[in-house]
Structure formats: structure tokens, C-alpha cells
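Look at the two complexes coming up: chain A is in both, with chain B in one and chain C in the other.
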Partner chain A sequence: MKILKRYGALYVMMVPVVAYFLVFAYYPLVKGLQTSFQDYKLMGDRPYVGFTNYNAVLHDSTFWDAMVNTLVIGGGILFFSFIAPLILALSLNEVLQAWYKKLTQMILYVPHLLSWVVIGGIWIFLLSPDNGLVNMLLVHFFHISPINFLSDPTLARWIVILLTAWKEMGYTCILFLAAIVSINPSLYEAARMDGASRWNQLIYVTIPQLGNTMKVVFLLNTLGVLRIFDQVFILRNPTVASKLDVLMMYTFQKGILEIKLGPAAAASFFILIITLALTLVVRRMTRFDEV
Partner chain B sequence: MSDRFERLGWKNKAFDTLNALFLLVLMLTMIVPFVNVLALSFSSGTASMQPDIVLWPKQFNAEGYEIVWKSLDIWRPLLNSVIVTLIGTTLHVLLSSLAGYVFIYPRLPGRKLMITFILITMMVPQEAIMIPLYVVNKDLHLINTLTALVLSGLVSGFSILLMRNFFLNIPHEMSESAKIDGAGEFRIFLTMYLRLAAAGLATVTLFEFVGRWNMFTAPVMFLSDSTKYTLQVALKAMIIDTSSNSGTYLVTTNVRMAGIVISIIPLLAIYPFVQKYFMKGILLGASKE
Partner chain C sequence: MKNKLWLTMSTVAVAGTMLLSGCGSESDDSNVANTGGNAANAPANAPANAPAGDMKLRILDANIGGKTPEENAKFEAEIKRLTGIEAKLEKPASDYDQKVLTALGSGEKYDLIELSDLNKLASFVDQGVVSDLTDFVTKSPVLSDPAVVPAGEWDQLKSKDGNIVAVFSKFQGGTMPIVRKDWLDKLGLKEPKTLDEFYNVLKAFKENDPDGNGKNDTYGLSTSGLYDIQGFMSAAGLKARYVMKDGKRTIPYATEAAVPMYEWFAKLVKEGIMDPNFVTNDSGKMRNLFLTDRVGMVTYWDAWVGMFNSMKKTEDPNTKFQAEALESIPGADGSILMRRGDPDFWIIPANAEHPDAAKKFLEFWHTEPGIMLGSLGIENEDYTKEGDAYKLTPTGTEHNMDHGVPFWYNQNVKYPFGKLPGVQEAQDLVTKNATLELTLPTWPDAEKIVNDYALKAMSGQMDAAEAVKKMHDELLGKKLIDE
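Moving on to the complex of A and B:
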């Protein structure tokens, strides 16, 4: 009673949030698990069918294509979205003129604010073989015939990977920059006393001091790998779809477009399990190094 | 990091110049595309279709904007986006800060349980429950309504924890003394904490505003009726689905680019505030979790 009197209002404040999560997070999770074991139709009977849906997904070659695409594109994004902002932050850190540093940061951050529809729309246009800017420049300077970037499966994968890294680097670089600023200045002083050049200071002071931030960024990026969707949905076209469609795209196609909700739910659970496993592995790995 | 003094010598100068150039090239990969888009949007239809490097409008006119507004009715998806963004953001900020406020009481019974309850929702990616979410929305008769979009991501663990971190910076004694004066929790929350954590509110509001304006997966899933389309979905149909010349009629480049420009304006309008608050928010969000 006493607790209720003292804290009652606080519990009331939690009610909407708890209710929301129950209906839109927990219930769908349970419902999804249930659906994955059902022959789920929008109307009528929904008999339980055991592992049929999981089997169907595991024997679907499109699923495995999607898995490979996720690993290749996700791996590429993981690498480039890590290295690009790191290089950017280190480079920005060497800029002496405050205004130039600020201006660069301001401009490089903009793509992060824009949707994939806008970014994708602009780049599809820029990369188009007819009158895209990129091809016009290539033709003008290198005298080659226009490249159809988004119709070539290998190139299209690269475009997805590099565009993602390009879009997000201004954002992630903030994390690195903040960490660089908080490095103890006496470390640099000591290094300079020992006659360390700028390059040596970078290699022996700055980069080792960024270890923890690198772990955080890597962990955050890993969580995002299986969620890649928007950029693929925007940049894909029938010619390259089989080399671009990632697991999320597979689920979307199965569930929303073909309305095969059972198999789609089963595929979602594979994604969920892989995500959780990946999180655990990366957490374990990054913690291991700390000891 | 090193002082000016140390940077004499041609090697350092050469490095600084190369470094500045490297950043300039990176900046150009962002500036040139946008200048190109802007210039094309103000060019005439025929001029915009010519293969030419356009960094300044050719045959300057606003025909692109006129067509996108009047013939393609972009005002309708724009309005839908505005509705979803404004209502969704307001509710999101309010609900997340309510929950964030609750967690500043360290001795609240059941606090740990509630935190775990929220952390679990953060571990499960929204995408993994996409299919059952569709079913839930269907059962609630929300398919093809804007309500479904407002409800999508209405609360997030991230915002709750972020708000909590901002609230924690406010001295606890203040609420204690207000309580002695007879103020209830709701009043303390509304009149003291929300006001004192204005920077936090601004951060979460901006994050959410940008997120909702750019929201894509949810509308693609929940909407099939084109009168309910949000700007992003309408843009996708207009810009991307027509560039593979499968559209029913040809949308000229200037019209497409005008659509892009219109969709970017609100984001650019809030960009100065974003700069002010995002940094802090990103760091708070990434450090304490």
C-alpha cells in the first residue's frame, strides 16, 4: 500500500509504454513464432504443420541466394562502414583550420539525414548510362563506353556497399572524433618529447587510444548487417535482383507480396536467431580483448 | 593535435595540403550531386533530358515544380507525411520521456524488471517481426491507414534511455523539495523535468522527426492505397520506378528532381538545430546503454 502511494503515479506513467510494447513488440514476437509453425492463411483454418515452413525455407534456393547476398553485401558494408569513418575522423583531426574542419563535417553529415529514396534516386540517375553525370565524366576523361553500373551484378553489389558507407560515414565519424578529442593530451606531449613525428603519433597514440570506440562502432554495425533493406529495395532492378536481394528482401517478398506468411515468419526467425548469435559473438569477442 | 610551430617544413605542408584536398574531394562527392539535382529541377523538361553536365539551370523555369505539384499531386503524399511526422513525433517524444522519467528513481520497486522489459525490445530488430506486425495491423484494421504509420515505432527503448540520461543530469533534490511542497509526479514531470531537459527533448524530437520523415519500410508494408502514400513511397514510385522506363508515361528529369528537392527542404530547414543537438545525442546514446 505504502509503495503504491509513493510510487503509484510512476507506474501509471509506464502504462502506455508497457501496453505499446506488449501489443507491438512482444505479441508480434510470439505471434510470429506461432505463425512459423502454421499453414497461415488470412482467412479460415490455420492448422499447425510442424517444421514444414522451416523446411520449405531451407530448401528454397532463393533463400540461400539471399543468405549469400546478405553475407557478401553485409560483410562489405561492415568493413567499409568501419574503415571509411575512421579514416575520415583521422583526416579531419589533422586539419588545423577550425572552419574547414567544421565545414567538412557539416557537409559530410548531410547524406545521413536523407532517405534512401532520395539518395538512391539521385545516384541511380548519376550512374545511369544514358545521361548520368558519372558516365559523362568517365566518357569525357577516359574515352570509354558508358558503364551500366546497376545492371552489372558485381558492380551493383559494390554500389550498394560503397553508397551505404558513403551515406553513413559523416555520422559514424562523430563517434571517432569525440573519442580522439578526449584522448589525454599529455600522451601526445610525451610522444613529442621522444621525438615522435605526426605519423608516429597517429600510429602509436591516436589509433591505440581509439580501441574502445572501434569496438562500439563495430558492434553497432554488426547489428545492422541483417537489417539491410531500404538501399537494396531502392537500388535493385530485375536484372541484378538475384545478386542483391538480402534476407530482409526475401521475407518481404514472401510475406507481403506473395502472402505466404508461414514461410516468411520462419525466415524472420532465422534472421532473428542469426542476429542474436552475431550479437553474442561480437560482444564476447570485444569483451575478451578488454581483459 | 600538434601545434602550428611543429608544422613547418615542407613535408608537413605537403601532407596538410594533400589532406585538405582529400577532404575536398569527399565533399565534392556530396555537393556536386545536389547541385546537379537542384540545377536540373529548375531546367526545362527538354533541357533536363539532354545528356549534358548540368550544374546551373538550363532554360531556367519552374515547370518541374508545377508539374510535380499540380499534375502529379505531390501535395497529397506531402500532407500525409506531414501528418504522420508531426503526430508521430509528438507522441513519441511524450511517451518516451514519460518512461524515461520513471527510470530516474533508483529505488522504484520493479525497476529492474521494467528496464529488462525495455532492453529486450531493443535486442529484437523491428525487421525480424515485420510479418507478424503486418498481421497485427491487419487484425486491428489498420492496413491502409495513417494510424498504422503513427503507431509504427511510437515508442523506442533508445529514446527512453536517452531521455533518462538527460533527466539524470537534473539534481534529484529539486523534485524531492517540490514533493514536500505537495506537487505530484505528473506536475513535477511536466513543469520541471521537461523544461529542464529541453536539450534532451530537442535531441529526441529531431532524431524522431528525421526518422519519421524518411520512414520507408513501414509505409511500403502497410499501404497499398495510393491516396495514403507518404512522400517517400510516392517519390519512389515517381523517381525510381519510372527511371527504368516502365512507367505509364514519361516523367521528365526536371520533374523528378523537383520531387527530390521538395522532400529535402524540411530536413535542410531543421539542419542547423540538428547540428546543435545531434552530436550530444549520438554520444549520449552510444556511451550509456
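Moving on to the complex of A and C:
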């Protein structure tokens, strides 16, 4: 009570934030959980049906196909979205001209600011077999027939993975660069005095000092692995759907297109549970708590 | 102390959840709705006989109304002037289906909702969303008149129990191959009737520089995926989606008879006759190719024959551009299969607060003033009327006589300016040949499989026979067909 009196004003200031999360995060979560146990209709009675919806999802082969796609595409995005910006940040750190460094950072950051509708539109145009720039270059320099990138099932996942890594590269790169800038210069000085080359400084000073940032970036990326949706929604078409339809797409299809809200809610709780499990595993593996 | 803290936290969490759950609209309204009752104390399934005074109407629609928010407000005022009903028109700019679903799921109360998907209508019937309108329609002097809506048409809007659950918002046509007639004439070609003739025409469009720019930059045919190749599949007697055969579900596109057709398309793709983007095209891209002289044939709606001609004429009054509808290719037995599109229709949601106003509006919508409002638009804004003669204003001309109802059923109401060039001929083909497709609840799952393999076969990524076999086996394996 004493504490409440002392810090009362602070607690009052927290009320809007707590209310926001209660109304816009936890209330829908609770409603979603409730829906997953109901034979949910838009109007009328909504009887509770126990685990029927969960059972239906688990016995739906489409769900498992989506699970495989999610893990493959999500895993690819996790890897490339981690490695590519790291290499880029380390490379940019070696650039001495400040203007070039800033310009490159800005150019790399721009795709992060654009929505997937814009990014998808640009790349659908660039990869078109008809007048697409990529095919025009391939035809001009390698004299090969135009490739229909977006309808080739063997390329579909790669395109989603690489475009996602490319889009988010600038943002993650800035996180790494910020961490590099904050490394204590005396460590480099000591390394140079010990005769370390630039490569050795990179391996033995920069990368180890980036450890904590890497853990945070990896964990944040892991949280998003199962929530991939926008890029798939924009880039999919019927010929590659079987390779691209991920768990969020499955939920969208069940809930919005087929109006089967019970199974859709059940599927979304599976996504939540698996995300939690993945996060715990990553935390353990990376010893995140030691950050 | 620790236990006490946990107990307090749990109590607060549970109480909070219960409090928040109480905010939902789940039980009260929906239970009323499910029994067919309405807040206005008048069942939806009854003739509209209430006076217009003080009537209110909340409408959610995708097509009906003004072209801008400002014109929408004028549209509401025009409804008030013509019917006495104070209407509120909500016309989302995008993601209409999702907005309908969100509105219904959150307990929003609309008196009329416009839809255009029979599969969705069937789902909404199962979900207890729609009111039974059988009595209302059969007892309505307007809607029960076969001159206003032909009696047989109502079958489209019946639930599986045989009840009428919706009312048409306009006449919906069908899809067909649409050809550049001016290109045919320029190259000295006749309108194609057989598969071979179609091939020759499309090849000529590709190779004989029909646009006369001296460049090899034209294609014979473009589609938007499998939408809609019925005009060609008709040559093998294949109807799109489901066909019931001796009580068993079949999908003709997944039968061996479809193999030569997919091979035919693959040949077009291989020879560069077909637009290579057809797999990823949306209908907008396909239309643009047609309007920009890049392709000589597309597959699209009857109404668009007129729209294509009108748009090009507006752009250049001296244009030679001429779009023309073609009949599907007859099968071996001479039968012609064409696709009739799902109709656009209104439902009165079971939780509508003003069903009487909704019914009055539905009757009005099928009378001459309603039809003129839905087609020409707002009097003195889109058109003026002197005696019986209508005259379009510049705004009306720009709006192309379409405020949600470009065509209608009511035979008593004449088209004041006739139809756009080429439309009547296209609609005659629809009337003569087109039938609705059978869309069973399992179609969304089946469609993914059909699209996947059919497009792979058509684009030459997979051998047609192999694609059809895999398609059929997968459909059968997932119990989406019976044989």
C-alpha cells in the first residue's frame, strides 16, 4: 500500500499501455482460444466442441504441407536474413569514405520502408518472362530462353526467401552497424599492438563483440518465422501455391475464404505454441539470458 | 504471501477476461438472429408493406452507389428522394469480402449486404447469417413478376432447402473469348469456330504484325490463369468445376479428355503465341494487354466487350479498335459450353434492424426509378430527364451508365441509350449457351489442385497426361471427387 502511494502516479501512467494490450492483444487472444473450442458460426448458437477443431487441423494434410513449407521458407529466411546483413555490415564497416557508407546504408534501407505490395509489384515486373529486366539481361548476356521465375515451383521458395532477406537486409544491417560502432576502440588498439591484421581484428574482436546483438537479431527473426504471410500472399500463384502456402496462409484460407473460424483459430494456436517452443529452444541454444 | 499474490493476480485476470468477454456481441443478437427474429419486431420473411416514413436502411455494398464518397452522399440523398428511406451506404474501397466477414463476425448490424459469390451465400446460410426471403419474394407484386425477374432465375438464389435467401442486384452475364475484330479483318481472317481455326488465328496475331508497328511484339491469346478457358475446353465437352455424374462428383478438367486441350495450350505457349505471363496475370493486366494492342484475344465478361470498345472510342474517336465476343468451340456432339458468372445479389442479414426498409428498397431496386439510379445514376447529376427522354451529363458520360447495375432483368425497363457496342451480341451468346457452374463446398480445396496441375500442363512445365493423372489421383485421394 505504501509502495502504491509512493509510486501511484507511475502506475496511473501505465494504465493506457496495460489497457491497450488487454484490449488489442490479450482480449483477442482469449476470444481466439474460445473460438478454437467452438463450432463457431457468424450468427446463432456457437456450441463448444472440445478439441474437434484441433483434431480436424491435425488430420488435415494441407496443414502439414503448410507446416513443411513454413519450416523450409522460414528456415531459409532466418539463415539469409541473418547472414546477409551481417556480411554487409562488416563490409560497410571497412569502407572508409563516410559518404559512400551512408549512401549505401540509405539505399539498402529503402526496401524495408516499402510494403510487400510495392516490393512484390516491382519484382513481379522485374522477373516477368515478357519484358522483365532480369530476363532481358539473361537473354542478352547468356542467350538463354526467358525463365518464368514466378511460376517455376523449383524457384518459388528461393524467390520468397531471397526477396525477404533483401527487403529486410538494410534494417538488420543498421542494427549490426550500430553495435560495431559501439565496440570499444581500445580493443582494436590492443589487437593492433599485438600485431593483428584487419582480418584478425574482424575475427577476434568485431565478431565476438557483436555476439549479443546477433543473439537479439536471431531471436527476433525466429519469432517471425511462422508468421510469414505478406510476401507469400503477394508472390504466390496457382502453379507454385503448393510450394509456398505457409501456416498463416492456411489460417487465412480457412478463416477468411472458407469461413471456418473454429479450425482457423485452432491452427493459429498451433502457430502460437510452435513459435513459443521455437523461441525457447533458440533462447536456450544461444544462452540468450546471458546477454 | 506469494500464494496470496498469485491468487489476487489470477482473480483479476479471470475477472478481466469475463468483463471483456461480456463486451462481445456474441450471444444476444445472434441468438435472436438465428431464430429468424429481428430487432424491428418484423420477420424478414414477409411482404414489404410498411410506409416509407421514418424508415432507415444501413447498406454494405461493393458496387452500388457513387464513384466517390461525395457522389455516394448524393446517392443516399437520391434514395431518400425516390423512396423516402434514409439510407446509409457503406462502400469499402478494397478487401470487400474481408470487411463483410469482419462486420458479420463482430455483430455489426446491416439491413442489406451485397454479395457476388454463390459459394459464400451457401456458407452464410450454414452460418445462420441470411434471412429466408421466400414469402417476401413470392408475395411481392414486383419481384414475383416474371417480366421483372424470370421465374427460373430464382433457383440460383435458393438454399439447399429450396428457400429463396437473396434478391438479385443486377443481371449477370457470362465470360467468353473476346477477339480483336479489326485485327481479324486486317489480316483477312474469319471468325474462328474450331480449335484449328482458333490456332491459326492466334498464330497469325502473333506472327503477322496485326498492329502494324513493324515489331514482333504481339501475342495471340492471354488469360488470367484458368479464368476463363471454358470457351476452349468446350471443344472437348468439358464443363468447368464440378459435374455430377450418376450422383457422383466429377471434375471434367481432371479427366483424360482434358489432356489434348492442355496440350493445345502448351503448344501455344511453346510457340510464343500465348502471353507467357498468363499464369501470374490478374484480370487487370490481361485487360491492359488487350487495350494496348499487345494481344488479339482474351477471355472475359460480356459487359467488357462494350467497355473495351467504349474506352478506346473515348480515347480516340477515330480508333479502328473493335472488340467482339466469340462463341465457345462446339464439342464433338455439337454442344457448346459457356460459363455463366455467379450473380450479384442482396441478402438481408438475420440481425437486420430494418428488414421492412430493406424489402421496400429491394422492390424499388427492380423498378424503373431504381434501375435508372443503379445504371444512369443520380438525376441532375449524371443525367437529366425531359418527358420520357434521358440525357447524360458529362459526369454521367464519364460514369459509363454503371452505378452497380449496368444490366438488369426487368424487361419492362428499356435501355435509354441502348447498350455499349458489342454487348448485345455477347449477351445473346450467353443467353443461348451459358450455364452456371456447380460449386460444391469442397471446391476451394479442389480448385487449388486443379489450378496447380492444369497450369503446369498448359505452360508446358509438366506433361499433360502426367498432370491430369496426378490431378485426378490427388483429388480422389483427398476425397474431393468420387470418381
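The definition used in the following text is that the second predicted complex is superposed on the first by the 264 of 291 C-alpha atoms of A that agree within 3 Å, B and C clash if a C-alpha of one lies under 4 Å from a C-alpha of the other, contacts with A are read in each partner's own complex, and residues count from 1 in each chain.
Criterion: a residue touches a chain if its C-beta (ideal position, glycine included) is under 8 Å from a C-beta of that chain, and two chains touch if they have at least 3 such contacts.
Treat the numbers as computed from the prediction; the structure is a model and nothing was measured.
Aligning the two structures on chain A places chain B and chain C in clashing positions. In the superposed model, A:237 lies in contact with both chain B and chain C.
One of chain B and chain C touches more residues of chain A, and that partner is B. Judged by the touch definition given at the top, the superposed model places A:220 against chain B, while chain C stays out of reach. In the superposed model, A:67 lies in contact with neither chain B nor chain C. Contact with chain B, but none with chain C, is seen for A:91 once the two complexes are overlaid on the shared chain.
After overlaying the two complexes on the shared chain, residue contacts for A:261 are found with chain B and with chain C alike. In the superposition on chain A, contact of A:46 is made with chain C only, not with chain B.
In the superposition on chain A, A:122 makes contact with chain B only, while chain C stays out of contact range. When both complexes are overlaid on chain A, the residue A:31 reaches chain B and chain C alike.
By the touch criterion stated above, A:13 is placed in contact with chain B alone, chain C being left untouched. Remark: of the candidate stretches 43-51, 79-87 or 97-105 in chain C, the one overlapping chain B after superposition on chain A is 97-105. Residues 23, 27, 31, 42, 124, 128, 130, 237, 256, 261 of chain A touch chain B in one complex and chain C in the other.
Of all residues in chain A, only 22-23, 27, 30-31, 34, 41-46, 61-62, 124, 128-130, 146, 148, 150-153, 237-239, 241-242, 253, 256-259, 261 touch chain C in the complex they form. Only residues 16-17, 20-21, 23-24, 26, 29-31, 33-34, 97-98, 101, 104-105, 120, 123-124, 126-129, 225-226, 275-277, 279-280, 349-351, 444-445, 448, 451-452, 455-456, 459, 461, 478 of chain C touch chain A when the two sit together in their complex. Contacts from chain B toward chain A in the complex involve residues 1-2, 4, 6-7, 12, 15-16, 19-20, 22-23, 26-27, 29-34, 36-37, 49-53, 95-96, 98-99, 101-102, 105, 108-110, 114, 117-118, 121, 123-136, 138, 151-152, 154-155, 160, 184-186, 189, 210, 213-214, 216-217, 220-221, 232, 235-236, 239-240, 243-244, 253, 256, 260, 263-264, 267, 271, 274-275, 278-279, 282-283, 286. Those residues of chain A lying in contact with chain B across their complex are 3, 7, 9-11, 13-14, 16-18, 20-21, 23-29, 31-32, 35, 42, 88, 91-96, 100, 103-104, 106-111, 113-118, 120-126, 128, 130-131, 133, 136-137, 166, 171, 174-175, 178, 185, 188, 192, 198, 201, 206, 216, 220, 223, 226-227, 229-230, 233-234, 237, 248, 251-252, 255-256, 261, 264-265, 268-269, 271-272, 275-276, 279.
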